[in-house]
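Dropping a structure here in structure tokens format, bear with me for questions.
All chains are identified by letter, namely A, B, C, D, E and F, in their written order; residue positions are counted from 1 within each chain.
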Amino acid sequence: MPLVQIKGISGFLSVAQKQEIIRKVTDAVVSVEGEGLRSVCWVIIEDVPSGEWGVGGNPVTTAALRIMSQAAS
Amino acid sequence: MPLVQIKGISGFLSVAQKQEIIRKVTDAVVSVEGEGLRSVCWVIIEDVPSGEWGVGGNPVTTAALRIMSQAAS
Amino acid sequence: MPLVQIKGISGFLSVAQKQEIIRKVTDAVVSVEGEGLRSVCWVIIEDVPSGEWGVGGNPVTTAALRIMSQAAS
Amino acid sequence: MPLVQIKGISGFLSVAQKQEIIRKVTDAVVSVEGEGLRSVCWVIIEDVPSGEWGVGGNPVTTAALRIMSQAAS
Amino acid sequence: MPLVQIKGISGFLSVAQKQEIIRKVTDAVVSVEGEGLRSVCWVIIEDVPSGEWGVGGNPVTTAALRIMSQAAS
Amino acid sequence: MPLVQIKGISGFLSVAQKQEIIRKVTDAVVSVEGEGLRSVCWVIIEDVPSGEWGVGGNPVTTAALRIMSQAAS
């Protein structure tokens, strides 16, 4: 209320990184919606198994995502 | 690939505020996952009508949310 | 922190019926999970337009749903 | 039609409790929408790992949820 | 069972096109899962308003999507 | 843009079958929306544990689904 549901590929993020995303995304949302909504800001992280997420019809793996994440933007 | 789906209550945020959330949440996620994933970071904003989101069994309205958002945290 | 997301077809339920569902579903969930979780039980109702929900490849309309709901079970 | 998707924290509910929720939530929804819709009432239960669900930016664990559920409402 | 939930940007597809997607996606899924599951294959189409879907932090509009869809692949 | 999220029951489909669904559903969607959108067509497959998906209040198992899928349509 806000409710944030985030999906990524399994094995890419550590639990510590997921919790860093929870903190930073909450801060981002509350900076726009108002601090009074912080306690009702929920952020849920869900993993999809490597190879079960398709882009353009091709399955993406954790290994491919890791290479992509390290490329220059 | 991260995929971020955000739900809130209709009439609370302007389109400009939603787009500010899109930018800030993308920055937050990419700061953890790597700049190389920015182009495949999707953020979707969806509205639920006022009165059709229940907390503890009670429907929350846009008006109630506005008062709550302005309270000190 | 149970989160309940309910989808139905637009125009089938009134707002009062949606709020009755919010109350009854919250009671049902809390009766299993414990009263202590009532305040963090969220129930969100979302509508899909008539004709944009397919069953077996065929779109279902609000009118068809209304007839079906009144049939003997 | 109705479609009910419920998320909770992994390790909190037993399979028997999840199936009790499936029964009771179906009864709750059908009591409002009509018995004729019982056969097309779907209830899906999904678990989010302990520590990967944030409230107010802080991750919630199964252990914390257990304590909370036993508190007086 | 299978349950297919499809999101797109509002104003891009006509209702007839959405129903064509419902038919074709059902056929695609059932060709793999078995014809016996056709009657329990649900496909739900949901629209997100133009400008409220971000890619790489930038909101995508219906107009931009239309240009993109007509480009050679 | 389009975003397709598919849920099924765990243990029913092999990874190869899931990837066949990803390919065929992408083809189906792009045949309607335009080839230019192929690269931004995402298909995500998610599994729900056997017994945690209710139809009409009764949990469905992988074994039951397998029998059903082989029945004549």
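By definition in this document, a contact is a pair of C-beta atoms (placed from the backbone, for glycine too) under 8 Å apart; a residue touches a chain by one contact, two chains touch by 3 or more.
Keep in mind that what you see is a predicted model, and the values were worked out from it rather than measured.
*Asks:* Which chains make contact with chain A and with chain C at once?
*Replies:* Common neighbours, chain A/chain C: B, D.
*Asks:* Looking at chain A with chain F, do both copies bring the same residues to the contact (over half shared) or different ones?
*Replies:* different
*Asks:* Quick one: report the Å distance separating chain C from chain F, using the average Cα coordinate of each chain.
*Replies:* So the centroids are 22 Å from each other.
*Asks:* Calculate how many whole Å lie between the centre of chain E and the centre of chain F, each centre taken as the average of the chain's C-alpha atoms.
*Replies:* One centre to the other, that is 14 Å.
*Asks:* Would you pick out the residues of chain C that each touch at least 2 other chains?
*Replies:* If we look for residues of chain C contacting two or more partner chains, we find 1, 3, 7, 27, 38-40, 42, 44, 53, 55.
*Asks:* All pairs of touching chains, please: list them by chain label.
*Replies:* Chains touch in the following pairs: A-B, A-C, A-D, A-F, B-C, B-E, B-F, C-D, C-E, D-E, D-F, E-F.
*Asks:* Going by the contact rule at the top, pick out the chain B residues touching chain E in the complex.
*Replies:* So the residues of chain B in touch with chain E come to 15, 18-19, 22-23, 26-27, 38-46.
*Asks:* For the complex, give me every residue of chain F touching chain D.
*Replies:* So the residues of chain F touching chain D come out as 7, 48, 51-59.
*Asks:* What part of chain F is in contact with chain E in the complex they form?
*Replies:* Of all residues in chain F, those touching chain E are 1-9, 12-13, 17, 20-21, 24-25, 27-29, 31-40, 53, 55, 60, 65, 68-73.
*Asks:* In the complex of these two chains, what residues of chain B are touching chain F?
*Replies:* Against chain F, the touching part of chain B is residues 1, 3, 42, 44.
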